[in-house]
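The chains carry the letters A, B, C and D, assigned in the order they are written, with residues numbered from 1 in each.
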C-alpha cells in the first residue's frame, strides 16, 4: 500500500483524496489545506489524518508520496520542497504560469531520481490512450495528421479567468500536451490564431481569447490541429483524431448514458455530453493515480513527467507569440 | 440489353419503369396499364412503347421479359399468362392473398424453366444482404437468433387496408420472407400475437391487428422474432439483427443524410428516417432489377422465386392460426 | 449517515461494501461472511467491523440497515430475520428459487412497514431508467411495444448453472422485472420458447435452455419481447427499446471507451462491450445504494420491493409452463 | 422541360448526362465531345442527339442550356461562348487554374443576366446543406468555428496531378468554397501549411503538397479550419462541422449501407466509406441539376455562381502565398 498525502483540498484535491482512499493499492495518508476546515471535511469521511502544515506532511514517516493540488502559484515551491524531502510527487498542471519559474524549478530538481508525475490526466483517458496505443501498435500506419477538439461547456468565472494565465496556459495547455502525446515526436513550429466571440468585452479587457485554433508541425511534417472554444453549450467536447497511412483512430465524446429518443421530428437524440471534467475524465483520474502508485512502488519515472509540463508551456508561449505576430513561430525561438 | 415491359403503371410500376430505363443492361420495352393515361405518362418521359393490352405485350417480339406491378388480384393470372407466352417474369409480391390460388398457380407453371422472380425487394437491400453475407462467410458463426424490426411510418388508407389481406399477408409477409432468407433453413413452428393499439376501432372492424409479434423456430432450434407496428412516427423502421456463436450482424436504419445537431438540451439529434419504401429501398429496387436482368440473360433461376412467395404466405397463414388459437402452430399443419 | 452492514462477502457483496464505503450518505457499519477471511479482507481495506454472526449484525445498535448478498438459498431466511430485528433490508435477487418459499416469506413479513428493497439493479441504470422516464414524461406517447435484448457474454460455470434455477429464474428474471418496469402495467399472458444452441449437451442434461424468447402481453394489448442468449461473444448485451404512439426510446449498449478505428477494410470499429455486469452496471449499483439510503432515511418504501421480486418469479414460472406446453399461459394460472 | 446539352463526355459528363436524362423537369437535348465515340456512347443509351461541334450546340434551337464538363483549360472559353450565344451555363469547377484568366472571363461576361452556375456540387449535399440550413434557422446561434475534413481515398494518377494545378486549386478549392458557404461571410485572412507525407518524392518533384491545413478567418473573427489529405484509406472522408453560441451541427460521412459487425474482438465495425465522389455526392449531383433547372426556368441567378468560383480561387492563391511565406496572408493582398 502506497501512503499518499494530498496537499490542497479544493474541488480537485477532494476528488483525488477520494480516489486514493478507494484505490486498491493506495491509502490516503493525510490531507492538508491552508484552510483547515477543508482538510477536516475530507478527513471526516475518509478517516485520514489532518496535517497542520506542508512541512509536517513532508516530515511524516507515514507519508510515502504527495499529491499537489493547491493553487497554481504554489506548485513550483511545493514541488521543490517535496523533492528536497525525498517524497515522490504527483503535481497538478500547470507547474507555473511563468516559463522562467518552471525553468528554475527544473534546475533545482535536476539531480533527483524521484518519481515526479505531472497531472496531464487526459493521457490516461481510456479513449484518448487507445488512440495512442493504436498508433504504437501500427494500426493506422505512419501518423500524418492529428485533430484535437477541446471545448469547455462555458466560460469559467471572471475571477478565475483573471488569474488563469489566459486560455493558452490554462486550457490549451492540456491539448498541447495531448498533441505531443499523440504525435510521439517534438513540435518544431507553431501557428495560432485567437478570436473574441464568446465574450468579446471581457476578452478585450483581459487581453485574452475565447476561440482558438492552433496548428503544430513537427520536423517530419506531421500536423496537429487544436480547436478550442470556451463555450460548447452541448457539453464538454473532448475529441482526438489521428490520421495515418493505414487508417484513422478517433476518440469520441462520452455521454452520461446511451438512451436515444426518436420521434416524428428527429431520431437518435441523445443527452448533452458530460459537462464537468471530473465526470468526463473519471476513469482517467483513477488511472492517473494507478500510474503514480506504480511509479512510487517501482521507483521508475512516470509516463508523464516534469519536462512534459515544461514543454507544454513552451508551446503555449510560442502560440502566444504567433498570435501577436501573425506568423509561424519556431519552437526554438522560445525554448 | 434485356427489353422489359412493365404491366401496371401505379406508384410502384412507375418506379420500376424508371429504374429499367436507367439500367445499363436493360431497356424499357413498353408499358401497359388498364388506365391508358397512366401508361402514356410513363411513355412520354421514357420514350417507351404503350401497349393496349397484356396480350399485345406478351405477343410482342420486342419484349424479352415482363414485370408485373398490377393489382394483387391479377398477379396469379398474369403470371400464368406470361409463363404460357414464354416470357420471364418479375412479379410483385404477394402472388395472391389466397394460398389456394397460389397453390393452383404453382401447379399451372410447374413444368416451366423460365426465370420467375418474386418481388421480395428487401433481400436486395445492401444492409440486409450484408447480414446474410456475413452469415454465409462465417463471420458470426452458427446462427442462433434473428430479430427483425419492421414498422410502417403510419397506417395506410382505410381503402387499402380493407383489401390488403390483413397485416400478415400485406406487411409481415416481407418479414417472413426476410426471416427465411436470413435463417437459411425452413421454419417449422410459428407463434404470433396481435394487438389493436394504433387504431383499435378500425382494427376491430377489419378483424385485423396493427401491432404484431411473431416468433418462428426451425427444426434445429434457431429463433426468428419479428416485431411489427403500423405506426412508427420516427419513420419507416427497418432493421435486421442476427446473433451467432461468433458474433452479431445488424442492418440498421438509414437516414436521408448524416447531419446531427447538438445543443444545450440534446446531442446527436438526426433527421427522422426515410419515410417511404421507395426511397428507403432505392438501392434494393435497383439491385432487384439487376438480378432479374442477370437471370433473363443467363436463363438461370433468380435467387428469390415463386416458391419463396408461396412459403411466406404459408407462414402468414400459420401465424393467423396461432393468433386465433393462442398456441404454437406447426407449419406442416398449413402447408 | 446511514450505517449499513453487508451480509455475504462474495464478489457482489465485496462490490456493495466498497460502494457503501464510498457513498456520501452511508458508512459501511460492518461485514459478515460464513467464511470469515472473506469478511476480514473487506474490513482491512475499509476499516469496517467484522461480525461473527448474522445474529450479531442484527442485534447491533451501530447497524441501521442490512444488505443481503449471501447465497440465494439463504435470502428468504435472512430477510425474515432482518425484518424481525427491525432492520431495513436491501436483498439481492432472487428472493428464492421456489415461488412457494417466496409466498411464505411474503406472508411472514406482511405486516412490516420497514423499507425492503429488491436488488433489481438494472432499474437504476441511467440509460434504462431514462427510457422509463421518457415514457412517464410522455415523450413517446402511449406505449405499444417493448423489446429487451439481454445476452450474457458466455455460459456461466457448470457448477453455477446446476444451482442457478435455470435461465428463467437466474437470468431472464432481470428482464421480466425490466419488462414490468418499462410496461408500467401488469403482464397477463406469457409465451416462451427455449432452444439449446450454445451447449446442447449440457442444456439437455440440466433440462435447461440457453437461447430464449419470451413474449409478454398486458390486458390492454401492450407487448414486451425478451430475447436471451447465454453467449454473446461481443460482450454483455443489454438493450431496452420502447415504441409508443409518439416515438421510440432506446437504451443502447455501453463500451469501455469511445475509440473507433477506420481502415481500408472497415470503419467505426469499436471495442467489445463491457463484459462484466459489475462494470456494465457500475452507475446502477451506485444508484441502487442511493435509493436504499433514501428509503432508510425517509422510512418510505423503495421504488422496487419484495412484491416486484415475487412477481418476476411468477412470470418465470408462467414462461416455463409456456415452453412445456407450447401455448400462451395466463399469469393467473400461476399466481 | 428544360433541354440541356452536355459538353464533354468524360466520367463526369457521362454522369451529368444520365442525371439530366432521368430528371423529371429536364431532357438531355444533346451531347458533344471532342472524341466523337464518347458522345455517341452516351447518345446510344439516352437517345440524345450527338452534336459535331460546340458551335452547333450553341446554335441549336432545341438546346435551352448547356453544361460544361470538358477539360479545365477549355472552361473559360466555352463559358464565354455560351454566354455570347445566350445559353445559360452550368460549368464544372474550376473556371480556370489562372486567376488572371478567370478575372478576364469575369470582365467578358460582366453584362450578362443569364443564369451561370458553378459546379460546387458539395453545397447541394443533403448533409452539408443541412448544416448551412441549421445556421440560417438559428439552430446553433451565432457561428464561431467551422471545421471541414476533406480527404481523398488515395492519390490521383500522376498524369492528373501534373495538370491539376496543385492540391489547393484542385482539391482544397471545394473546401474553400464550402468554408465560404458555411461561414456566410467573406474570409479576410488565410493561413496554410503543407506537408509531403503521402508521396514525398512525387510532391517534391511537383512542388505540391499532399497533406494540408488551412485556417481562414473573417473580419468578425469567425474561424474555418480545413484539413486535407490525399490518402484516407478508409474512404472518401467528407465532414463539415459548425460550432455556434447555441450549439453545433455536424455533417458526418455516409457509408454504402448500415450493416455493422460485432465479435469477440470488436463491435460496430462498418464498411469503409464510399470511395468515389460520384457515389458519395450522388444526391448532391441530382440536386445541382435541379438548382440549374430552377434557375433556367425562372431566369434567376443560381445559388452558386461565377463569382463564387472566382473567390475560391482567390483563397487558394492566398493559401499558396501563406505556405510560401509562413505567415498569415490578407485576402486583399490577392484579390
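Throughout what follows, a contact is a pair of C-beta atoms (placed from the backbone, for glycine too) under 8 Å apart; a residue touches a chain by one contact, two chains touch by 3 or more.
Worth saying up front: this structure is predicted, and the values here are computed from it rather than measured.
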item	value
Distance-maximising chain from subunit B - centres being C-alpha averages	A
Contact-richer chain pair [A-D vs C-D]	A-D
Centre-of-Cα separation between subunit D and subunit A, whole angstrom	41
Rounded Å distance, subunit C centre to subunit D centre (Cα mean)	56
Sites on subunit B at which at least two other chains make contact	233-234, 246-248, 253, 260, 262-264, 271
Contact graph of the chains (line, ring, star, complete, other)	complete
Subunit B - residues contacting subunit C, complex	142, 144-145, 147, 149, 151, 189, 191, 193, 195-198, 211, 213, 215, 217, 220-223, 225, 227, 229, 231-234, 237, 243, 245-248, 326-328
Residue ranges of subunit B touching subunit A (in the complex, touch as defined)	233-235, 253, 255, 260, 262-273
Interface residues, subunit D side, partner subunit B - complex	18, 21-22, 24, 45, 47, 125-128, 130-131, 134, 139-140, 246-254, 256-264, 271, 283
